[in-house]
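Below is one structure. I have some questions about it.
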Amino acid sequence: MKISARNQFKGVVCGVIVGVVNVEVQIRLKGGEIIVASITKESADVLAIKEEMEVIALVKAPQIIIATDLGGYRLSARNQLQGTVTKVTRGVINSEIDISLNGGDLVAATVTNDSVDSLDLNEGQSATAIFKAGSVILAVN
Amino acid sequence: MKISARNQFKGVVCGVIVGVVNVEVQIRLKGGEIIVASITKESADVLAIKEEMEVIALVKAPQIIIATDLGGYRLSARNQLQGTVTKVTRGVINSEIDISLNGGDLVAATVTNDSVDSLDLNEGQSATAIFKAGSVILAVN
Amino acid sequence: MKISARNQFKGVVCGVIVGVVNVEVQIRLKGGEIIVASITKESADVLAIKEEMEVIALVKAPQIIIATDLGGYRLSARNQLQGTVTKVTRGVINSEIDISLNGGDLVAATVTNDSVDSLDLNEGQSATAIFKAGSVILAVN
């Protein structure tokens, strides 16, 4: 599959909650992390999403937020993956941050340079990659 | 309307599915493509969204994923528009890709330079512009 | 809280609408503006979201659209905050636009340079920051 989404997480569907318009799909990555995707019911039907199915969860880099310290706050975002910053590539306005997850997957996030500075993002730093269930597209073979 | 969303697709509402919190709206473009938007029920009520209504579907460039070969994969994203790359503008981290749809509309997508390289995106190439229903904002007059 | 989302709006929950999969949460900022967030029901339950609760609404800069003149159009996007452009920082492809809201909060938006040019965005200009309810992440302490 040649597709521009920088984040392509392979996993297995381990939960499905069906609403009227939307469906929530839980996917277990090989490292054990759970990713939650919110897709339309129409898509879930067309793709015949069900438990034990292998899927790829696609997330664009600009959809991902990075936290280095939540300071006691809890977030509504369903996806919060722990890892370590492995690379910081700085542009004029934005930077790309690569995070190696504890479970082995890699995450690429695009954040503004101001955020890189205020979070003092550097290689080797612990960081959490955060994204909403609604940011996730599922691919099935 | 002076608004920064790079993608402004004019069309006519051809389907509405009402949920408890969200509503799915289908819009037919002049070229025949269907765009699906997921908006809140409150918005659908306020805008009085109904079939045959003329609307503009707004999508920001960073919300759009580009695929050149799905390799047999099917995607949950409701919007998958076929076209041809007409322009690649490269920045330090990101590039802007313009795609001319078969139906005549234009799509602007922002993707990382790494994706431009790994997909070998060039003018004249066939490409699919992919975005979620939840990325679409509707404008009505 | 050290987190990369450029927009962090403090407010108080003033409304909650519960669906099967998603929940809509309304938050009143100190300046009186209302922000609407769409989160999953699971998150609303885990965070025990209820009226009068203090929350922070997080929105990434690339999720925000800027309008200078809607020309009679109405938008489905639930969040439309009025303000004044206070800063334009130009990159190669994208620019960052800072908007000071009438209620006192600040909004940072990333838009393409083409949009900066076509909207003729400059300091001192009136502008509306627009984002979907689905773009908002809630943080609670």
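Order of writing sets the chain letters: A, B and C. Residues in each chain are counted from 1.
In this section, contacts are C-beta pairs under 8 Å (C-beta built on N, C-alpha and C of every residue); 3 or more make two chains touch, one makes a residue touch a chain.
A quick note: this is a predicted structure, and the numbers were derived from the prediction, not measured.
Listed by label, the chains touching chain A and chain B alike are C. Least-squares overlay of CA atoms from chain B onto chain C yields a rotation of 120° to the nearest 5.
Although chain A and chain C share one sequence, what matters here is the overlap of their interface residues, and that overlap falls short of half of the numbers used.
Taking the mean of the C-alpha atoms as each chain's centre, chain A and chain C sit 21 Å apart. Within chain A, the positions touching two or more other chains are listed as 19-22, 38, 62, 91-92, 94, 110, 134.
If you check the complex, the residues on chain B that touch chain C are 1-6, 19-22, 37-40, 42-44, 46-47, 49, 56, 58, 60-62, 89-92, 94-96, 108, 110, 134-135, 137-141. Residues 17-24, 36, 38, 62-63, 65-78, 91-94, 109-112, 114-116, 118-119, 130, 132-134 of chain B touch chain A in their complex.
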